[in-house]
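Structures follow.
Two complexes, one shared chain (chain A), two partners (chain B, chain C).
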Partner chain A sequence: MAFDIILVVLLLGVAMWTVAAPDTFTAVVGFVVFGLLLALAWMRLAAPDVALTESALGSGLTGGLLLGASTLLARSAAPAPSEEPGSSLRLAAAALCALVSAGLAALVLLLPEPAPTLAPQAMANIAATGLGNPVTAVLMAFRAIDTLLEVVVLLLALVGIWSLAPDRLWGGLPGRRRRADPNGLLTFIAQILVPVGILVGIYIFWIGSVAPGGEFQGATILAAMWVLAAMAGLVDAPPVSGRRLRLMLAAGPAVFFTIGLAGFATAGAFLAYPEPHAKLLILTIEVPLTLSIAATLALLVAGPPERASER
Partner chain B sequence: MTLTLNLLSVLAVGAGAFFFLAGTVGLLRFPDPLSRLHALTKADNLGLGFIVFGLLLHATGLLAAMKLIGVWLLTLLAGATVSQLIAGIAPSTGEEE
Partner chain C sequence: MTEVAIYGLCAAGLVGLGLFGLIVQPHPLRKVLAFNLVGSGVFLLFGVVARRGTAAGFGGDPVPQALIITGLVVAFAATALAVALLLRLFQETGRATLRSDG
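What follows is the complex of A and B.
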């Protein structure tokens, strides 16, 4: 109990600090710390799946993206005084945020006791999916449409980042070229950590069917390993117009959508699986989906094309 | 037997917590980046090492024990590398106030 209270006070403190931070970099650091503390809070609420996702995606990957954005912002010219938000705009934003927070708090406090839940239904029907982890069953079977849409949103975000490239670099290579230093520290850690990380990523994905884990968490680790190797200069990003890359990005959502459509014929509904083959079909979706998510996340970090393709 | 194990566990985790505390105090109080990094890596290496040792005494099997050791080794690797990288770009003469 004391631990939980300290955790909540810390969370609120870090949140306030992040909002009040004087510069972008400090705010991003606060955001990452907040994410890690939040993951701890999810663990205390016995939700390890959410905790894994929060620490990998929410804190790690989003933190990395924000860090990159803050570096870009620092490099660009400071905004003109007319572009700075005025105090009335700031006050309005603060009031709206406070309103949303108050509304959410009221909703949580007004929930009947015990709170309405679909967990018993999910547990009752989990055998039909052939999975052992109810969270994965919800994500891949009961609410598969949400997962499909999430993956499509990720892909759209990547297209949005790519479209920041100037016309002459369209279809080029993302990020700067990094030269590998054979005796460098980054090379050393990339060579040791990447094989281990790939193994851990595949394990987290695979274990997701029976225990906390899954394709998003596993894919984040795989993407992080690629980013590490790329930072060390050991691998280079392919041109964003490359056919194999495009295929890898699209394979997951495409397979997901195709099997979803086939559900009309085999099980009578979109994204429904015929019962005896449910687990096999879910696995058929998950493998390309994990690869697609990993490629998408890695390229999100790599950023818009900055070098022309050689061809 | 269980009492000895529990006692050892508490001692080890307590020692780990002490190193984390000392490392944090060092991080906040030491004057220049290099000494701050030094304090920080002590917390990672020794603090986490003691805590992992304390938990190892209660590990439920070989696999769980190996996972704990794996966590410690990975943190060592990450901590050592990142602190070297930070030290590489930190001004070695200390901060100008």
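What follows is the complex of A and C.
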């Protein structure tokens, strides 16, 4: 109980810092710390799968993306004083937000008893999927349509980012080229950490069928390893028009959709799996899906093409 | 009050704080940060609902937990798109502001 209270006070304190910090860079640092603390809160709420996603994606990749953006934007002028809201607007906003918070807090305290839950149904049907982790079973079987649409959303976001490139750079290479410094600390860290990280990412993906973990957590770690290697200049992004890259991005959703359609013939519904082969089919989807998600996440961080393709 | 309710109150506070930042911070990147705080608050609220649904030997209701994971990934994609739009705006105009009279 005392631990929870301290954690909640810390979370709210760091969130306040993120909102009120004097400059953008410190605010982003606050946000990364906030994400890590929130991962602890997920552990306290018995959601280890969410904790893994939060620390890798919510704090890690998002933090890296925002730190990069705040460094690039550091050269931009601070907002003009006329853009700063006046004290009356601040007061009105504070009152409105306090009202929203109070309403939500009242809702939390008035939640119905006993709480509605789908856990018994999930546990009763999990044997049919051949999986041991109910969260993965929900993601890949019971609510597979959400996951399918989600990976499509990821691809749409990537298309959105690519289309921000100027015409002459369309199909070029994302980000700036970084030269590896053979004696640099970042190169050293990348050389040590990336192989281990790739192993951890694959393990987290593989173990997800029976224990906390899964394709999103594993894919995020794989994407982060690529971003680290790219930051150190050890690898360079491929041109976004490359056929192999496009194939890698589309393979996961395509396999998912194909097996989903086959469900009509084999099990009588879209995204249904015939029972004896459920686990095999889920793994057949998950392997290309993890690669596709990892590539999409890494390219979302890399940003729109900024260099013309050398061909 | 239970441990779970404490996190519920924390979530309510986070939504309010994020909303405040979204309104009063003029810098677009700060608005993206604040919006992510609102999102974290909503996810935490959902996590509290999941934790209350503990049954059948599992620590929480796995359905909301899986939806939170989906939500986190979509939130990341939206953040990446917002950041890319902002950087492009900065490239084009040399300024990072949402004011239209620029």
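Rule of thumb we're sticking to: the second predicted complex is superposed on the first by the 278 of 311 C-alpha atoms of A that agree within 3 Å, B and C clash if a C-alpha of one lies under 4 Å from a C-alpha of the other, contacts with A are read in each partner's own complex, and residues count from 1 in each chain.
Definition applied: a contact is a pair of C-beta atoms (placed from the backbone, for glycine too) under 8 Å apart; a residue touches a chain by one contact, two chains touch by 3 or more.
Treat the numbers as computed from the prediction; the structure is a model and nothing was measured.
Let me test your reading of the model: by the given contact rule, A:120 touches which partner, first (chain B), second (chain C), both or neither?
Second partner only.
By the touch definition at the top of the document, which applies to A:188: first (chain B), second (chain C), both, or neither?
first
A:36 contacts which: chain B (first), chain C (second), both, neither?
Once the two structures are laid over each other on A, A:36 reaches no partner at all.
Let me test your reading of the model: by the given contact rule, A:196 touches which partner, first (chain B), second (chain C), both or neither?
Touch status of A:196: first partner only.
If you stack the two complexes on chain A, which partner ends up touching A:228: first (chain B), second (chain C), both, or neither?
The answer is neither, since A:228 touches no partner chain.
If you count the residues of chain A that each partner touches, which comes out higher, chain B or chain C?
If we count touched residues of chain A for both partners, the winner is C.
Return first, second, both or neither, reflecting whether A:267 touches chain B, chain C, both chains, or no partner chain.
Touch status of A:267: no partner.
Looking at A:57, would you say it contacts chain B, chain C, both, or neither? Reply first, second, both or neither.
Only chain C is touched by A:57; chain B is not.
Now for A:128: first (chain B), second (chain C), both, or neither, which partner does it touch?
The answer is neither, since A:128 touches no partner chain.
What residues on chain A does chain C touch that chain B touches too?
none
Report the residues of chain B in contact with chain A in the complex, numbered from low to high.
Those in contact with chain A are residues 74, 77-78, 81, 84-85, 88.
Would you mind writing out the residues of chain A in touch with chain C in their complex?
Per the touch definition, chain A meets chain C at residues 1, 4-5, 8, 11-12, 15-16, 18-20, 24, 27-28, 31, 34-35, 38, 41-42, 44-47, 49-50, 53-54, 57-58, 61-62, 65-66, 69-70, 72-73, 76-80, 83-85, 89-90, 93-94, 96-98, 100-105, 107-109, 111, 115-120, 122-124, 134-135, 137-139, 142-143, 146-147, 150, 153-154, 157-158, 160-161, 164, 214, 216, 293, 297, 300-301, 303-304.
Of all residues in chain C, which touch chain A in the complex?
3-21, 23-27, 29-30, 32-34, 36-37, 40, 43-45, 47-63, 65-70, 72-81, 83-88, 90, 94-97, 99
Taking the touch rule as given, give the residues of chain A at its contact with chain B in the complex, in rising order.
Chain A residues touching chain B: 185-186, 188-189, 192-193, 196.
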